[in-house]
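Okay, so chain A shows up in both of these, paired with chain B first and chain C after.
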Partner chain A sequence: MTISAVPTKPWAKSPRDRVRDIAFILISIVSSYVVVAATPMKGKLAYAFVLFFSYALITGTFSFITRGAPAAKDSVVKTLVAIGAVLTVVPIASILFTVLKNGLPGIHKGLFTTDMSMATPTDPIIVGGLLHAITGTLTLVVVALIMSVPIGILTALYLTEIQGKFSGPIRFLVQAMSGVPSIVAGLFILSSVLYPITKSYSALMGALALTILMIPTVARTSEEVLLLIPNDLREAGTALGGTQWRTVAMIVLPAARSGLMTAVILGIARIAGETAPILLLTGGGDKVNPNAFSGSVGSLPYYIWKSFNAGSPEAITRAWAGLLVLMLLVLILFITARALSSRKISK
Partner chain B sequence: MIQTPESEKEMSTSAQPSSLASVANAKQARTQPTQATGTGLEARGIHAWFGKNHVLADVNLEFAAGSVTALIGPSGCGKSTFIRTINRMHEFIPGAAMAGEVLLDGKDVYASGVDVTKIRLQIGMVFQKPNPFPSMTIGENVLSGLKLAQLKVANKEELLESCLVRAGLWNEVKDRLDAHGGSLSGGQQQRLCIARALAVSPQVLLMDEPCSALDPGSTLRIEETIRELSDTMTIIIVTHNMQQAARVSDYTAFFLSDGGPGEMIEVARTSEIFSQPKDQRTENYVTGRFG
Partner chain C sequence: MSTTTLIPSPRDITTEPRRSDKVFRGVVTGGGLSSLVILGLIAIFLAYRGYGVMRTEGFSFITSPKWEITVDESANVVSSDFGLSAMLVGTILCSIVAVVIALPISVFSALFLNFYAPEWLKRILVTIIDMMAAFPSILFGIWGFLVLMPSVEYWAKIINKYLGWIPFFEVKPYFVTRSPFIAGVVLAIMIIPIITSVSREIFAQAPLDRIQAAFALGATRWAMIKAVVIPHGRSGVIGGAMLGLGRAMGETVAVYTVLNIIFQVNWHILFGAGGNVASLIILRFGEASAYEINALMAAGLVLFLLTLIVNALANLIVKSTGKSGR
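Then we have the complex of A and B:
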């Protein structure tokens, strides 16, 4: 017996429905022009406001006529939700567009091979580069990473595995710490380490402040990842005669590996563009400084700030190029984080 | 289907218990009276609490070395809690408390100064849900107990093979020991967990409803494994499946909670529990009149 059946979607929209939907949108657009022309309202915002308002009104009325009040409410809320989504995307897209537009003219090969030690901000854009800022940012990030990742993950282990008496207060403090303004972290290191002890700018000083900002991110993300590891595995490890440390090290941490990696990358993304403590603590030199422990060191945020302050058209182009590079750096980190975290923990 | 109460009663009293009893009798006839290979395990006056909730009261049970004991009873009567007190997994639950003694070879596992990790090496456990370690291969899973407890063995390959053979998994996985444990089917994963428990050569193996998540074929496979293992170790198995209790166990203990803490109502040879239980409540349970 042969069965001849064609897969169909009886619930899908018919061509007529589609035409009607498009008609509603067109009517909304037209009415937004008409209303803006007829009333004192002006500008892009007015167009957008009237467009959304009239679309919600038209679809709502249509639903009310065809299917009654509940359907009308449903359709209005649907439109509101869509507005929310659009309002989120608009500023992000706008920022990306502005940075690309202004930054691209400043991008050239020398950007990644030379520093600003032989160039002044008013020199043509082709002179000098970002090498000192890129290496400086990498130095800051790596040093901050070395200090904050162990502390953050150990804190998360205390909260999830040991669940000691102080778990509650520590969890609260970590959460509160993630709201510390970065300038406070910077001033803290300035007054407690830089002035009384080292008395000079260095990458280490900046990294100390960044560590304060990064620990809460790493600790909280790691805690959430560790909570996802099924308790079964901990019990199985313990029932096989493992001490708690052996069980955590051999079973829990490997099972959480990709999630912990994500925690670290989110932490890096948190601090890569941090500016305030960098301004206070690193000195912002124009020369590549390979020594992380002494001497003034440049970084991307510092470079951007400095270039904008210089004010000449060339300097401002430099600043935009620096912004573009910084955003690309953070973007790459986020994509890596997404790729790592979407790789599921194998069952 | 319409039945008079009388015929229903007849069904339950004649057909079912006699079949369960015959299964149990067949099992008893097959296995020789077990030879003691150690002094065995004894639980004396075990009570357990979660917070203020008294969940288990005064359980006294002896487990002869090399015997299989099934713990049966309705859900929530403390069977799992009881076996978790035996290998000291009970204490992991926040708010847990207990009273009583668990004697392994005459020594209380709760005595002060006892190394609890050593106890768990001697008393292995298989859980309800198969839980192979996700970051390890099949081979690494089996040998994970040695790494966890930092034990050394002369020949790892030999141990790996013997554990998998005894767990009845060797033929299915011998060509892919480097595959991940998660790539196996549920029944295979459970047998992998049994193999993992065997690798540290425990004297006692606790099994907490090991077949409840498995299909009948895998269940049968694991029951065969249990019978083979009972030559070399004491096995305590919690099960909701009375057919299974009848098939695999030498002794059966019936647990029940009447709203208060769970109690052990009756323990006897499995064939007796299913043919002539002494307590009315046991009879009601094994004949399927409640629970």
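Then we have the complex of A and C:
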């Protein structure tokens, strides 16, 4: 006679437990409606408040009856913690939703082929487009990339490969630099380059300020990636007679390639929507300006800012459309960075 | 005899790096020192530009609430009175409101992510929260102004109705639109991702053996968190909150769009008047004369030093918890 042991999962929820959980939720939803109808409280806030309060109360009481005071506390905390997570996610859902809803009416065929040189923000939406803003943002990002990526990666290399006596202070300074307010970066370029040297707005000025904001992001992410490269690779390089320079250039950096790409993309996402220094330094022209070194240049944040401050319904729709394009840009960059960083070490 | 010529002379064994390595190390060290150079240059240039204004204004640059300048037709300064106290109070008020709102929400959601959420939900939520941290501030500003403001005004009215007897929540005269409270809520939403991800990382470092020991002794999840996770992560969470504070203090565009900027020291968070140093710079920059620009540079220097101190403290706190691991 064989006895077959059936594995049990005493911690798993039985169907009865599930029914009970759903019943609790239903009861609290119903009670929230009843309470809101019966008392002078009104509005979404009241519904949400009563809903969570009654859910916490019901589950807390149930746990107290079945398992005592510690379990009651535990279940109340569980509700609280879930509320925290919900409150974290609600704003982003609202942002995504409203930007999509308000931005889509502003999207039209000419948006990506025309600029605003023949239009004002208060014109009908069909007139004019975003071309100058998109090309301007592109110019700013590319120029900022050329300056910030080498510096950022060199900083990361110093922290991981050389590990000199300044490593601690520099790590600290890089972190301090990531907290520099964007407007201060703008003022710095204004005082150090724009007023004494060039005396005019240009994409280069904006890009210099963006470089300051981008370096810490690139440096910190690259450092994390370089730390993940196994030391065996470095030792193998040295054992084969490679100098440190050749080991880093031929082995470490290629191995960290996709991780470094992630760092760069996160840096771009950080600066693409940066507004304050752009307002101070680029002048915000309405025409496509291919010259990065002179002349005012438009950009997505500047366009949004200008349209938003113009205030008419058309202008506000323009601002939303600009926000939609900017948000999509940031989302695409972010998702690309995520996809790349899921394989941090290349083959 | 001829064989000896085939044997190469032995190489010198040396720890001296090759020239290529010397160059490499020099270049990398130079790059590494760039952050020091940039931070130093920022302080030097802003101080250089703002020095004149700070000397004429003296101590009242910090204590006076006024920001006035009179110029004659040929743009000569007739009289000027620059003071930052209203803006500094506004900066501190808005960012403290933001941290007070954001801290509990962030800690709760970090606890949820680490100890309550199933793995799939955790992965999705972490991605969403990280993504939110990458959103540009102008997005938060315009969304806050057009979408969030009506609701927050309604909340502000409720708070004023029931808690108006606390001097902090007093509103006199009754004007609750575009108040520091609303700016604080928008800033809170902007810094929640930062505080959440710092707290999440700190909580994840809570020693596993102690967590398991707590469970083995029959602790509920909350009892375990109270006994193990919170003592371990407390100072790290404080550091995260200060990082958020630093970000909130330097925020420009979002505050400018939402807040009613008035040069008046206002400690009543629900009253529709306030400002912060960064928004002052944006507000005045467009029409500023050369002399006023210098005053704005000095204001920028004050803001820079303020955020630098807050950030440095925050990083020190976070770093020291990461290492100790009780």
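The criterion applied here is as follows: the second predicted complex is superposed on the first by the 315 of 347 C-alpha atoms of A that agree within 3 Å, B and C clash if a C-alpha of one lies under 4 Å from a C-alpha of the other, contacts with A are read in each partner's own complex, and residues count from 1 in each chain.
The working rule: a contact is a pair of C-beta atoms (placed from the backbone, for glycine too) under 8 Å apart; a residue touches a chain by one contact, two chains touch by 3 or more.
All figures in this text were calculated on a predicted structure; none of them were measured in a lab.
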Looking at A:251 after the superposition, I want to know if it touches chain B, chain C, both of them or none. Which is it: first, second, both, neither? first
Quick check for you: in the superposed arrangement, does A:232 touch first (chain B), second (chain C), both or neither? first
Between chain B (first) and chain C (second), which does A:215 come into contact with in this model arrangement: first, second, both, or neither? second
If we overlay the two complexes on their shared chain A, which of chain B and chain C does A:157 touch? Say first, second, both or neither. second
Hey, is it chain B or chain C that touches more of chain A? C
Using the touch definition from the top, say if A:207 reaches chain B (first), chain C (second), both or neither. neither
Should A:243 be classified as contacting the first partner (chain B), the second (chain C), both, or neither? both
Shared chain A footprint, chain B vs chain C, residue numbers 243, 246
In their shared complex, at which residues does chain C touch chain A? 17-18, 20-21, 23-25, 27-36, 38-39, 41-42, 45-46, 48-49, 104-109, 111-113, 116-117, 125, 127-132, 134-140, 142-143, 146-148, 151, 154-155, 158, 189, 192-193, 196, 220-223, 225, 243, 246-247, 249-253, 257, 278, 281-282, 285, 293, 296-297, 300, 303-304, 307-308, 310-312, 315
Provide the residue numbers of chain A that touch chain B in the complex, in ascending order. 163, 230, 232-233, 235-243, 246-247, 250-251, 254-255, 257, 345-347
Which of the residues in chain A come into contact with chain C in the complex? 43-45, 70-71, 73-74, 77-78, 80-85, 87-89, 91-92, 94-95, 98-99, 150-151, 153-155, 157-159, 161-162, 164, 166, 169-170, 172-185, 187-188, 190-192, 212, 215-216, 219, 243-246, 248, 266, 269-270, 272-276, 279-280, 301, 304-305, 308, 316, 319-320, 323, 326-327, 330-331, 333-334, 338
For the complex, which residues does chain B have touching chain A? 87, 89, 92, 94, 117-118, 120-121, 124-125, 127, 129, 131, 133-136, 144-145, 147-150, 180, 182, 193, 196-197, 200
